[in-house]
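Should a chain be cited, it is by its letter among A, B, C and D, assigned in written order, with residues numbered from 1 in that chain.
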Amino acid sequence: MRNTFGTLFAVTSFGESHGAGVGAVVDGCPAQVRMAVEDIQIQLDRRRPGQSDLSTARSENDKVEILSGIEKGVTLGIPIALLVRNHDMKPGDYKMLQTAPRPSHADFTYHAKYGIAASSGGGRASARETVGRVAAGAVAEQFLIQRYGVDVVAWVSSVSDISVTLPEDGSLSRAQVDRHPVRCPDLSAAAEMAKLIVKARDDGDSLGGIITCVCRGVPAGWGEPVFDKLSARLAAAMLSIPAVKGFEIGSGFAGTRLRGSTHNDRFVHQGGRLRTATNRSGGVQGGISNGEPVVFRVAFKPTATISRPQATSDYEGNEVLLEGRGRHDPCVLPRAVPVVESMAALVLADLALWAAGAGVS
Amino acid sequence: MRNTFGTLFAVTSFGESHGAGVGAVVDGCPAQVRMAVEDIQIQLDRRRPGQSDLSTARSENDKVEILSGIEKGVTLGIPIALLVRNHDMKPGDYKMLQTAPRPSHADFTYHAKYGIAASSGGGRASARETVGRVAAGAVAEQFLIQRYGVDVVAWVSSVSDISVTLPEDGSLSRAQVDRHPVRCPDLSAAAEMAKLIVKARDDGDSLGGIITCVCRGVPAGWGEPVFDKLSARLAAAMLSIPAVKGFEIGSGFAGTRLRGSTHNDRFVHQGGRLRTATNRSGGVQGGISNGEPVVFRVAFKPTATISRPQATSDYEGNEVLLEGRGRHDPCVLPRAVPVVESMAALVLADLALWAAGAGVS
Amino acid sequence: MRNTFGTLFAVTSFGESHGAGVGAVVDGCPAQVRMAVEDIQIQLDRRRPGQSDLSTARSENDKVEILSGIEKGVTLGIPIALLVRNHDMKPGDYKMLQTAPRPSHADFTYHAKYGIAASSGGGRASARETVGRVAAGAVAEQFLIQRYGVDVVAWVSSVSDISVTLPEDGSLSRAQVDRHPVRCPDLSAAAEMAKLIVKARDDGDSLGGIITCVCRGVPAGWGEPVFDKLSARLAAAMLSIPAVKGFEIGSGFAGTRLRGSTHNDRFVHQGGRLRTATNRSGGVQGGISNGEPVVFRVAFKPTATISRPQATSDYEGNEVLLEGRGRHDPCVLPRAVPVVESMAALVLADLALWAAGAGVS
Amino acid sequence: MRNTFGTLFAVTSFGESHGAGVGAVVDGCPAQVRMAVEDIQIQLDRRRPGQSDLSTARSENDKVEILSGIEKGVTLGIPIALLVRNHDMKPGDYKMLQTAPRPSHADFTYHAKYGIAASSGGGRASARETVGRVAAGAVAEQFLIQRYGVDVVAWVSSVSDISVTLPEDGSLSRAQVDRHPVRCPDLSAAAEMAKLIVKARDDGDSLGGIITCVCRGVPAGWGEPVFDKLSARLAAAMLSIPAVKGFEIGSGFAGTRLRGSTHNDRFVHQGGRLRTATNRSGGVQGGISNGEPVVFRVAFKPTATISRPQATSDYEGNEVLLEGRGRHDPCVLPRAVPVVESMAALVLADLALWAAGAGVS
């Protein structure tokens, strides 16, 4: 469904950029999971604007209110409704959009689809929509870690043409990722990325990049064969994030250049169970987790909203020079890290319950 | 659901590699679409084994029987059940698999998930499962072309390290794609790819590659914002295909290196409507089609099944040398072209009905 | 899904009786439907407690806040989040329930399912949960009347053994229904019903009854054959309402005593179209609407919560005398009228979009 | 979805009355359930036409073929496709229907919805569609009995105005039900019912009636609160069966006349667990099973197809005298017994997996 993600662990998201608030209803989180408001707030804080001078000037404290489903720090097995009020709305910034759609933004397609738009900015097609995802993802993360010992760590592995290769074996922690506001755990690369982002911002321009994500502790057997493969669900989850244009798991695009004899992950017996000597499969074989770390990469295009003027056409067909005015990030990647983690957690939580629902004893 | 894809235009797939047959039930195809058995057979013929010496030696004529839903060459609006009988089964080929899982295949994960397997080969985790997808996709294609003038063309754009750059503007036709059995429309590149495939086959090895796909004539407004973006649904569809490890739309991974000012697709007025001067968006903005060709690329790993012996471990933890015996393709890409097209058509048909169901007048 | 109803016009409900609030997210309401907060409030006012001395003493003004999806009195095509804060919570009333489950209430089964419960009263298994249904149903009603001229009117047709037979042809209006707080449009019957309810209340007891509902203006062609018949979806909708134990459409149970030759609704040509001379089908043939009024009846058991002491057993197996203390309605039917209407509207709105999504030109 | 029922244990049905065949794909039946073709055939035999002179003259042996998902008598956890070929088609019987819709049949509404129909008889809106339900239901029954010890027994409790009251405590078996072809376990009532049916048949007329169903051994905790209550799912399942006009669970419509103090099922400690002294709840409280037998009743209208001429109107608006010619049952109830059982089993199997998927340890 349009604004619902997942079946057994299902999230329904709501809210637009300049309305009363944004949030999500999490349905299907089992009862008796310990859950404090801080568990949710911590991820929202990693996502919120204004964390550093690398991000948008919009000021939102993004405090979450739990409306239902949790009592005395424990889930009740019923819907968990989460609300974050909007505060710093500036509808006036967006007047021009009524006549000319911003290049590579969703103005044109929303107009084609709905014939109407929220009066201010992207409405629903805004990075602000991801608040609901992160709040819901934080709930999923508590469920995953408490029931299965599964957690998720993502980081920025490239910004524009600066890229790093880091271990994808699950050895990196969020603390390491957060040592630098760019959220690249390689500090010298992070510093260079930051410089590039500041430069782009000063130029009124924007940058893209790649986020790498590792899911640790996923047991063998999650993911449904055929259409609901773990890899397919992750791909959909990632491509549903604003600005994402690509997804690869394990060896990905580069792996297409290898021969099968080199690419195949042979099995070895280790620590009392079968493991693979390499992990080009990215933790997924035949769409089902094999017990190795689930590793994938997500490509973000450069932010469509830029400050410098752009030649384009208005709806009437007249050439116009569009000046960006809405506040925006010159590079969304640092703030997108918890969004990627959240969507991964939502996929895993849903498939964990599907695996349980498969009724295999 | 596990073996159902789509909501309004929904396909349920069934059948395993060495059972009685494979097929699909297509539910939701509107009434009064002209549909001949040949419309379906033509795509099955492009997918079936034994088309050329580049593919597996398994011999299946893959003749489809329409069990329901079509009468006098017209759809009735009710489920269309399609059945292809299996003929050339060789269960004996797969005995070893009972004790040792094949590297990078689904044996291990199916065993973890179900504790049981079809006695022969991959069962459901076999390229043969894609018969149902292609049969169903052919139905979707008739619906799309007759109602909306939409069609889909895919081709092999790389095999291992041989790659071609071809126009992604919708100018290539299936006839051009099919001029060479490799299904790369650049004939000299195709010849080189074929050589490489033959070499891999002779080495008992396998190759991967990339398929590019263009959907032509998609009107603006298809795709649901947030979780059911057109791009997200395509990503899931592609990652659900056996052996796929990556997906990118429009500028994809390469686009992450551009700045926003260069990457953005500015609007121009052309032919009485707004179009974009470039198509780095790949026909999708904010998750919704913008009227430009929808362009994406799909990465296939080298086939996991190879003939040369592989050192690995059996379920008991003993090192063994596994010899491949089941028949297989040294490179699945030529036969995967109609599979990619079919999955794209299924996504588009479903989202076309969602757009209609959105009730916008 | 558990707390989501509908597919294309989908409602996700949240909130428990004694938490922060209750509400719903409506996803899929098309853009450009006029919608004022008063359109929603009016139905909530018909549902809220304390309208008359026939209902519970709990005092809630049930003012709804629109959190998203509506701007300047018009829907945007995106999720409409609706929130009603709880005010008059009395958790203390429910202490005893921790040790002994109330007869015919959901305490025992929730305990079996979740092993935990909201500390106060029914939590989610409370009449208060229907606030979200009614708020969402009011949105559906605006969509139905504006796009299709469809509306829904329900009334109390029996309380205990007092029952009335009223025209089911669509001639009754909500204004007529609301002339008496019992919501039975036959005023003398209503007066008798009121007397019976007061008597039951004074006895610390409760009553059941039947609500009849007519959907007017439903065009022919709504409802999906086989599993999503209009009648099946209505049945599920009604049985999902707390305290409902039965559903019948058209001739229902009484019709089983007729012969086919008497029961069949013959067609007649009237007003330029085919109609049926009688309406024993209740507006549905083969699961699909036939253009006649859709007529059904819903059986509500007597409220499980009563004030008089009940002999029962606690979880330990000890016989106990349970005294009801939570505030409750001696007869839920008057307040259930808008709940029935709302659920019917939600079914119709979803099937209207399915019909549009069927793509029949 | 239109022709899919259930989410985790999902059935997709296909086939029309006079096409190549009818069948179903069962997706989600867990692996390692023992399943022989005879387990499925036995229920099809109870449903098939021509069992006695009380049913239609159409001759179908209804032999089922298992196309996939079962090997060596055991399920593999993958889709189970089941096919029953049609043999005795008589398209000629239905010519008149092209110009005049049969009263109270689905001809008119299918025409309104699809603008086209299967050339012969009801097509999909035929009792023959229930073959797929019964085949799939038989699979669900094996899963339920082997994993949970749950089974389902239904019987004819009334035909027209002859009705019987039989114990609803789970003491009746299918063997007792099958002692008389009417499938009423009270043999003297059954004999009277049979006489009435023969009389109706000889008059070219038809009869309705009620089927009672008891599900035994359902553990406490199945059913989802709010929209997917066990009672709501059963109601939808039953109303989806052709000719059904009513559903009630436990005390049902009659229970609306009791006071709460009489109606409530008090708890008693018995056999080491809490049970209820009475079962007016019908085994469901707050939408969730409470461990008592699940008891419900289903109202079938008299068959719409009758042999005697009926005055009606054709599509052009001309009065015509319609003569029934297609073969039909004068009373569908005896053959509907396994259909009711099958739909109940499908609901229970799905909710059993939901309960498992709820992840409560």
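We take it that contacts are C-beta pairs under 8 Å (C-beta built on N, C-alpha and C of every residue); 3 or more make two chains touch, one makes a residue touch a chain.
Keep in mind that what you see is a predicted model, and the values were worked out from it rather than measured.
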**Prompt:** Looking at C-alpha means, what's the farthest chain from subunit A?
**Reply:** D
**Request:** Any chance you could check whether C-D or B-D wins on number of contacting C-beta pairs?
**Result:** C-D
**Asked** Hey, how far is the Cα centre of subunit C from the one of subunit D, in Å?
**Response** 26
**Prompt:** Per the centroid of Cα atoms for each chain, what is the distance between subunit B and subunit C, given in Å?
**Reply:** 45
**Asked** Hey, how far is the Cα centre of subunit B from the one of subunit D, in Å?
**Response** 38
**Interface hub residues of subunit D, defined as touching at least two other chains** = 1-4, 7, 13, 28, 31-32, 77-78, 113-115, 124, 225, 358, 360
**Message:** Under the definition above, what is the set of subunit B residues touching subunit D in their complex?
**Reply:** 1-4, 7, 10, 12-16, 19-23, 25, 27-28, 31-32, 65-69, 71-72, 74, 76-81, 83, 113-119, 123-124
**Touching residues on subunit C, where the partner in the complex is subunit B** = 7-8, 28, 30-32, 77-78, 143, 147, 225, 352-354, 356-360
**Complete:** Listed in rising order, the residues of subunit C that touch subunit D in the complex are 1-5, 7, 13, 100-101, 103-106, 108-110, 112-115, 122, 124-125, 129, 158, 160-161, 200, 203, 205-210, 220-221, 223-229, 231-240, 242, 244-253, 255-261, 263-269, 274, 276, 280-282, 284-291, 299-306, 308, 310-313, 315, 317-318, 355, 358, 360
